[in-house]
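Structures follow.
Consider the two complexes below, in which chain A is the common component and chain B and chain C are the respective partners.
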Partner chain A sequence: MNAPAKLRIATASLAGCFGCHMSFLDIDERLLELIDLVEFDRTPLTDIKTCHPCDLGLIEGGVCNAENVHVLRTFRQNCKTLVAIGACAVNGGLPAQRNHLDLRDILETIYETEGGLARGTHIPNDPELPLPLNRVHPIHEIVKVDYFLPGCPPSADAIWKFLTDLIAGRTPTLGHGLLRYD
Partner chain B sequence: MSEKTTFWLDGAEIPFTAGQTLLEAARRAGHYIPHLCWHPDYKPHGSCKLCTVKVDGRFVSACTTLAQAGAHVENRTAELDDMRRTLLQLLFVEGNHFCPSCEKSGQCLLQATAYELGMMSPHFDHFFPNRPVDASHPEVMLDFNRCILCSLCEQAAKRDGKFTFVMGGRGMRGRRVILNSESGRLADTDFSSTDHAAHVCPVGVILKKRVGFAVPYGQRRYDQAPVSLLDVAEAIK
Partner chain C sequence: MALPLETAPHPETLKRVAIDPLTRVEGHGKVTLLLDADNRVQQARLHIVEFRGFEKFIEGRPFWEVPVAVERLCGICPVSHHLAAAKAMDQVIGTTLPPGAEKIRRLMHYGQILQSHALHFFYLASPDLLFGFDAEPQKRNIVALSALQPEIARKGIQIRKYGQEVIRLTAGKRIHGTGAIPGGVNKALTPEERSFLRKDIYAIIAACREAVELVKRLFEENRAHYEAFASFRAHAMCLVAADGALDLYHGGLRARLADGALLFDHFDYSHYWDVILEDVKPWSYMKFPFLRALGDCDRGWYRVGPLARLTLCDYIPTPFAEHERKEFLAFDEGAACHATLGYHWARMIEMLFAAETIKELLHDDDLSRADHVGLAGERRERGVGVIEAPRGTLIHHYRVDENDQVIRANLIVSTTHNNQAMNEAIRRVAQQYLDGNELTEGLLNHIEVAIRAFDPCLSCATHALGKMPLIVELFDAEGRPLDRLVRGADGRCQRA
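Moving on, here comes the complex of A and B:
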């Protein structure tokens, strides 16, 4: 008999710091157990650049620019189950602390008036750069999200508990000590 | 026939003395009813509604309702906890609660209650309001991004005969804590860091300066045990 088909997982970091991905790697030798059950699609771990149809998508980071919107929508289209992982995906996190400020003011202050950058520096306008949004959004404000795993970052144990519950077909429950927002 | 002085809470028989509220009697008997704006040292304010229970089928606030002999009270039912979770989510999106950078994290009643009720996400769209931070006072700072309008600071100041903090304004965006000084700054009020108000805020608004991270995350009050256990332990001791 064939081994059961592996679950296909994609991951991405949007307006995040990669801390959630690092915490994911902190599951350490349990990665070997995981790799028996899953295979990776698009993720910074494989360097595959586009998301194909998957069982599970893990999104780190909120949405701060046009490219984030595009990547997030592609994940939603391709992933049967989409998970917001970490404080920034869940509520915007640290990047969202700019939300009560005017975007133009921020850019002008940093690049034009504050000083500290090389002379002649201006607000970057290279067409390759994705346009920033006026506000940073938690991902559930853009697409439907099936599960949330808060934490900054969620600990390796929280990620492990969450993934093993999900893979086993249970609703993930974290409980005291694993459910944290900090 | 003498009046029975017990009521039923989720099927458990709870003794009480005349004049005790449902919340007080339940706590004394070792049962946790979630609460935010209630504080054992102050008159119940009854504003957050986290303590809502059902008494013989009717919703009431457990912190303001007197215990009645023979009453049947529902508390930790799926229905009530779902509603409580929604109230918490509304509080989270109404302010700016970035726990990873909040000095109160791990000792915050709002956060601990959200953990207790398994709040995994804010669910609603965030308001991201623009609220002031006041660092004018040499020893204490105020970050109103996290205020849940519980009025405890107002009550605690009155206990010291002061009107440092006053609840004012109307409506969701207007309602706020007003500081009693012409400039509106804490440094220009009669506030002192030894006032009761300096220690009463259940969330991370009124914060003592320079001790923020003396105890690291992971070793704080609600890291040791969930609020449901600590709250009741405090009532019994």
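Moving on, here comes the complex of A and C:
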């Protein structure tokens, strides 16, 4: 008999701090169990740089620039199930605090007027740099999202429960203690 | 003065190769190369492509909120930001920390060093070193490591887990905890918590010693390659203790020039701007700090982090790590000290130092003292907190008004100090390995190997506005327009 096909997972960090990815690694030794059940596509842990057709896509972070929009849409096209992991993906999180400020003004302060800068510095403007959006958006404003996993970050146990439910073909549920917002 | 390979004179005639996104590093970045018709590299740049603006939106927030807000800059070393901010706020409220509080913070910090260094080596970088820089890409990750070298993978997971547990018990949560508060910490460690952590620390020290041996062996087996790969002399900076010892929690700034001369020593970081300024280049959101005395970034850039610290400090105050430091310095008459790959070796020695320090701290009864917050004293407007984070010197600088609100913030994160050094490293690799060759995936990975050695945390770094007119439209899931942004030829962005 053939071994059951492994679930293919891709992950990305958009405007996030990588804390959600770190919390995923906080499953500790269970990572070795997981490796037997899934295979990884594009993630910051592998050298696969674009997302291919996958069963599951996990997105950390909101959308803050043009490149984030592109990556997010590619994930949606390729992933059967797309999950917003953590406060930033779910509602913009802390980076969205810049939403009530003027982007130009922020950039000017940081790159031109702040103390401690060399003389005559300017806002970076090379075409290689993706254009920042005026606001940081939660990912559901741009694509359809199948599941939302709150927390900053969601705990390793919550991520583990969620993944093992999905792998076993159950609808993921987070019981008492796992569904948290801090 | 222009640095070699930073800017090609006629970029429009060249072909562009991008490594995008950089993988197995923390955060968001890419590398672009411009090549001529003979595949000679004319330009190589590391771009940091994300812009956050933390310094701006923290303005107006109450100062006591800052240590838990700024750690969201980075989920890989949140404790570093948490503690640097708390140290700054200690000054704002004019307090002196009770001995137990400082020791708990130190414990938290060394837990952070342990987990971050283990994460970097075992989960991210080691596949390059163990399986070869141009191994098939499928082999270059933690999954392959756990299949091919399961013992090494398991040890790495255990070391990181232990560091995360130290953080959990001192900060309340493994990621984005709340332990440090202005003036101290919000709880002491119970004797039970200390004995829980003491149980495994000897096994962790042993595992760290094996990790040092592993990197040393790699150096011995590949001397010529490891010593030459992206190797260069550079100025260096870090904190050192008053007696010159390696201390990652507190000290004065020391900088040594590439030629070995000391530029400054035990410099009081509360006015760091007297010795460091920052430059900006159009092609990266990450700034370019430099040693002010040397005039500009092209002359004054420097290295920070494990390699800088191990070569700058006078000694390491724990026995196993000090022994290893001496071997590291003596290796091939100091060849490892200038090698980019020397960062890995130095990092593993620091990981051992962190484990040994944790062991000592866990035996200290001050950790369980009831007085873990100092009394507020004379209020000050300015607070500067500096710490040696896993990746290097981290500077937090705030001004707080009489209404307890932050009115100014400036952060220089560790990876930013290494910005020019990383660019230098990829240009060396471009010349050493890529120049004139047909580019293969394996060759391009050499560039990433050089960047990874610095363990950059691009998550902490920032992003820009171009000169070309550009329109970005954002539609929601149903295709309704959500946001539209127009960038004019003058680089100004407008909501349209």
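In this text, the second predicted complex is superposed on the first by the 182 of 182 C-alpha atoms of A that agree within 3 Å, B and C clash if a C-alpha of one lies under 4 Å from a C-alpha of the other, contacts with A are read in each partner's own complex, and residues count from 1 in each chain.
Keep this in mind: a residue touches a chain if its C-beta (ideal position, glycine included) is under 8 Å from a C-beta of that chain, and two chains touch if they have at least 3 such contacts.
Every value quoted in this text rests on a predicted model; they were computed, and no experiment measured them.
Q: Given the superposition on chain A, are chain B and chain C in a clash or a fit?
A: Taken together on chain A, chain C would fit alongside chain B, as the superposition shows.
Q: More residues of chain A in touch with chain C or with chain B?
A: So, of the two partners, C touches more residues of chain A.
Q: So in the superposed three-chain picture, is A:176 touching just chain B, just chain C, both, or none of them (first/second/both/neither)?
A: A:176 sits against chain B, while chain C stays out of touch.
Q: Thinking of the overlay built on chain A, is A:44 touched by chain B (first), by chain C (second), by both, or by neither?
A: The answer is second: A:44 touches chain C but not chain B.
Q: Tell me the contact category for A:20 with respect to chain B and chain C: first, second, both or neither.
A: second
Q: Looking at A:131 after the superposition, I want to know if it touches chain B, chain C, both of them or none. Which is it: first, second, both, neither?
A: Touch partner of A:131: chain C, not chain B.
Q: Contacts for A:94 in the overlay, against chain B (first) and chain C (second): which applies, first, second, both or neither?
A: Touch status of A:94: both partners.
Q: Where does A:65 make contact in the superposed view: on chain B (first), on chain C (second), on both, or on neither?
A: Only chain C is touched by A:65; chain B is not.
Q: Look at A:147 in the shared chain and tell me whether it touches chain B only, chain C only, both, or neither; answer first, second, both or neither.
A: After superposing on A, A:147 lies in contact with chain B but is clear of chain C.
Q: With chain A at the apex, figure out the C-alpha centre angle toward chain B and chain C and round it to a multiple of 10 degrees.
A: About 110 degrees between chain B and chain C, seen from chain A.
Q: Once both structures are overlaid on their shared chain, how near does any Cα of chain B get to a Cα of chain C? Whole angstrom is fine.
A: Superposed on chain A, the two chains' closest C-alpha atoms are separated by 5 Å.
Q: Pick out the shared contact residues on chain A: the ones touching chain B in one complex and chain C in the other.
A: After superposing on chain A, chain A residues 93-94, 97, 135, 140-141, 152, 182 contact both chain B and chain C.
Q: So in the complex, which bits of chain C are touching chain A?
A: 20-21, 23-28, 30, 32, 45, 47, 49-53, 55-57, 69, 72-76, 78, 119, 123-124, 137, 140-143, 146-147, 150, 153-154, 157-158, 160-161, 164, 173-176, 273, 276-285, 287, 290, 296-297, 410, 445, 448, 459, 462-468, 470, 472, 474-477, 482-483, 485, 487, 491-493, 495
Q: Please give the residue numbers of chain A that touch chain C in the complex, ascending.
A: Residues 13, 15-23, 25-26, 28-29, 31-32, 35, 39-40, 44-49, 63-67, 69, 93-95, 97-98, 101, 103-107, 109-111, 114-118, 121-135, 137, 140-144, 152-153, 156, 182.
Q: Which of the residues in chain B come into contact with chain A in the complex?
A: 92, 96-102, 105-106, 111, 114-115, 118, 120-123, 125-126, 128-130, 217, 223, 225-226
Q: How about chain A: which of its residues touch chain B in the complex?
A: Chain A reaches chain B through residues 84, 87, 90-94, 96-97, 99-100, 135, 138, 140-141, 145, 147-150, 152, 173-174, 176-177, 179-182.
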